[in-house]
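When the chains are written out, they are named A, B and C in that same order, and each has its own residue count from 1.
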Amino acid sequence: MEKRVTFSRWTIGILFAVPQLLLIFTFFYWPAGQAVYWSLTLQQPWGGGNIWVGLDNFRSILSNADYWNSISASLIFAGISTGLAMFIALVLAALTDRQLAGSRLYRVVLIWPYGIAAPALAMAFRFILAPEAGFMAVVNQVWPGFWDPGLDGTDAMASIIVAFSWKYVGYNFIFFLAAFQAIPRSLIEAAAMDGSGVIRRFWDIQFPLITPTIFFLLVINITESFQDSFGIVDIMTSGGPANATNLMVYKIYSDGFKGLDYSGAAAQSIILMLLIVVLTIFQFRFIERRVHYR
Amino acid sequence: MVERTPFLNFFTHVILFVGFVFCIAPFVVVIIAASHNLKDVNDVPMSLLPGNDFWLNIKTAWTTADLGPKLLNSFIMAAGVAAGKVIISALTAFSIVYFRYPGRTFIFWLIFVTLMLPLEVRIVPTYAVVANVLSPYQTILDITGLTWLIEKVSGVQVSLSLGLLNSYTGLILPLIATATGTFLYRQFFLTVPDELTEAARMDGAGPLRFFIDILLPLSRNNMAALGTIMFLWAWNQYLWPLLITTDQSHATAVTELKQLIPNVGGIPEWNIAMAGTLIVMLPPLIVVVAMQRWFVRGLIATEK
Amino acid sequence: MASITIRDVTKSYAKMQVVHGVDLDIATGEFVVILGPSGCGKSTLLRMIAGLEDISGGTIAIDGTVVNKLEPRERGCAMVFQNYALYPHMSVAQNIGYSLKVSGVPAAERTQRIQAVARTLELEHLLDRKPMALSGGQRQRVAMGRAMIREPKVFLFDEPLSNLDAKLRVQMRSEIRKLHRRLAATSVFVTHDQVEAMTLADKLVVMNGGRVEQVGTPAEVYSRPASRFVATFVGAPAMNMLEGTVTLDGLSLLGDSRKLNVSRTGLPVGSKVAVGIRPEAVRLVAPGTPAALEATVDLVEELGAGRVVYVDLDGAPFSVVTSETVHPVPGSAVGLQFAETDLHFFSSETGARLDVFKASVPEPVF
């Protein structure tokens, strides 16, 4: 889409874009280029610059079991938390959209969790899911040793999944509800006149019409599970126990800043970047299709 | 619509109520735990009746984690980032919508691609840049031989250096560039009728006047929505402030939360931890509740 | 006050030429209406005068100064837009006074001039309102006020009445006319509505396909349309057009099915012509009347004061406006009678008006 009317003095116009261009050059493109450079070189321990090592850094992280463990943990985390957050949100949004008494209240309250900082809600869940206090402790009283995210990797993974899903149910809910409400009322009424009941209408009309939103949220949730999980992991598990929750971003952070392995961290960044690029392209293909849909 | 679906309605209410409880429960637990004393909070099961130590715990958390200055830091950072994003994305969108110049599409794509470069993946080199924000430019001067040339001509050794670690600028500046904000404005500007631009031109207004007098006032809703979202987003940032505020004086409330996690084997002061959590989660929650309309609108608009 | 001189002005976009060499002189204080169907280039021409579109070729001069390269604000024109283009976030007073603010007129003087304009347009009680809270007619007036306050050399109107309902349109029309009489400012008014054009114009410019078809007073354009296009475009119901051939003793119409005896037209025998006759110039007579054309009544539209009778002339549609007390019944036969002098001749090839009967003294022959 283009404007028909524009201003003629484009030299002034270009100046308006300069601040943003400076920022993205300094803080996006330069660092990204730097990451590529680091990932292909190795810093010499006694200083004296970087030496070119080609793809050695990639070879070394890809042959490292810890890295593969981090990838599989990230995928498990992304898969389960995305599925959980989206399914629950879809059900709640579909039901809220029925506009029965009280639906206004749900609309207000269900989006609160998304406003909370990941570390803050992680803290709350760390307490709620603590093995010795809080609520899982009750379960532990009945079956001693049943639950301990501090020692059991699966429990730790479950904890961060719960915390992340709780936040993103609110997020997905907003989008699903908006999608449901964007469906013209007359479509629903026409289906009702055709003799279709509430549940039938959901599957035949509403669900097909919101599939674009589902795809869109799927991508956003997965991308966010890579990014927004950092605070949750750092507060709840610090990547433990035994690297069970050492998700990709957390590993980049700890390798880069704790292990000071810039080259390894950079190589991991590049891989994660590629992953996000693929997801983003995927998402925009679907967005394009969504536009056609309407 | 007249519809008799008593069973379905019943289940709708039940499921929504359960969802409501799950949504609200963590908030309730945090508040109740924050009101207990050390013994009660560690009771299994913890009593769901509030205790009496609420204000005491809040006060302890406040002083232990030094939350006063930290909240102020958080506020400065969030407000700075939100204002910066709102302004800079309006400027950029104005440039790419209202002017035709060579490379306009290229600029659009440069901004678009930043969507694929989230902070998390370029965290280490971004940190390095912020340590000396002029280093990219120094490197460019070095590589192009300009440093050498300048030294030859003037005898001055060019050495650009400006460290932004532990400063508000360092907290805020790298987070300001925004593709989503720019696209939001672009979408909006495209819906502004061309006749308004023409009327302004007939009235004698140039581009800058038009931008300030007409376009910005018309964008108020967009600004509110974008500002709300970006304020929350910035307030909730964790990784970035954690990295660049090695010094306590610029740490934010969210990063300070870590100080309150009870050590393994230490005193399990969950009541204090929850009081601190409550303090940190309250400001964004207030923003969400007070600005709900803008929040929802901004969220949906920025993600499209 | 200013005159406008337009010389061989053209406008092309990447692929299309939309205005083809327009020449036009607008005198100081004149009210010129540019009339034409949508897409005829009339708005483009107006916008070129305003400086909102670049001029591809030719020159436009205001008061003798070529303005091709001047920005809108430097040309001394004010414009009223089709959808008014009021700034939605500004009050009526701010909208009217914005151009003064831009040019740095002090606040006190600004207020005074806004008051004066508001008084003229009877907007005084609305000055603090936002455009959202105004009716269509009030918005229209604010748009006028915004143009008036600058005391411009030239007023430009881009179909400003097309968004109003019929009643308001008539009212605003006469207000614009009165305003022009008072201010006597040079005005260019673009419209596709011929009633608006006829009632407002000192000088009417009819455009089609990027070209000027005719320039003249409304009466001239109506009574002596310069082309077939103008003939059918101006006047409602539209002028009836019958294809015909010039014969020795007159005309043969509609593929020789009808003969019409007319005086010597001066046209070569055998030339193809289009013969036009306004519906108002036709009289309905009893079928069988000598020299009248016979037709079958299709449909009668009652207008109160009169009626439009649509008849079928060997398959060709033909309309008649009559105020007589005849009440033709659909399906019945009628006779059509008209004066030779009411006939308009156009070339079938070029559509240009053909001058006929030059020497002859007009006299009814039927």
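Heads up, the rule we're going with is that a residue touches a chain if its C-beta (ideal position, glycine included) is under 8 Å from a C-beta of that chain, and two chains touch if they have at least 3 such contacts.
All values derive from a computational prediction rather than experimental measurement.
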Margin query: So if I look at the partners of chain B and the partners of chain C, which chains show up in both lists?
Written below: none
Next item on the list: Work out the mean Cα position per chain and let me know which chain is farthest from chain B.
Entry: C
Next item on the list: Express in whole angstrom the distance between the two chain centres, defined as the mean CA positions of chain B and chain C.
Entry: 58
Next item on the list: Averaging only over C-alpha atoms, locate the centres of chain A and chain C and give their separation in whole Å.
Entry: 62
Note to self: What's the distance between the Cα centroids of chain A and chain B, rounded to whole Å?
What the structure shows: 16
Notebook entry, point to check: What positions in chain A touch 2 or more of the other chains?
Noted result: 5
Note to self: Give the residues of chain B touching no fewer than two other chains, as numbers and ranges.
What the structure shows: 198
Margin query: Where in chain C do residues touch two or more of the other chains?
Written below: 52
Checklist line | Interfacial residue positions of chain B with respect to chain C in the complex | finding: 193, 195-196, 198-205, 209, 213-214, 217-218, 220
Check: In their shared complex, at which residues does chain A touch chain B?
Finding: 1, 3-7, 9-17, 19-21, 23-32, 34-35, 38, 88, 91-92, 95-96, 98, 100, 102-103, 105-106, 108-121, 123-128, 130, 132-135, 137-138, 140-141, 150, 166, 169-171, 174-175, 178, 188-189, 192, 197-199, 216, 220, 223, 226-227, 230-231, 234-235, 249, 252-253, 256-257, 262, 265-266, 269, 272-273, 276-277, 280, 287
Item checked: For the chain B and chain A complex, residues of the former touching the latter -> 1, 3, 5, 8-9, 12-13, 15-16, 19-20, 22-24, 26-27, 29-30, 33, 41-46, 88-89, 91-92, 94-101, 107, 110-111, 114-130, 133, 136, 173-174, 176-177, 182, 189-190, 194, 197-198, 206-208, 210-211, 232, 235-236, 238-239, 242-243, 254-255, 257-258, 260-261, 264, 268, 270, 273-274, 276-277, 280-281, 284-285, 287-289, 292, 295-296, 299-300, 303-304
Notebook entry, point to check: For chain C, which residues are in contact with chain B within the complex?
Noted result: 50-52, 71-73, 77-79, 81-90, 98-99, 102-103, 146
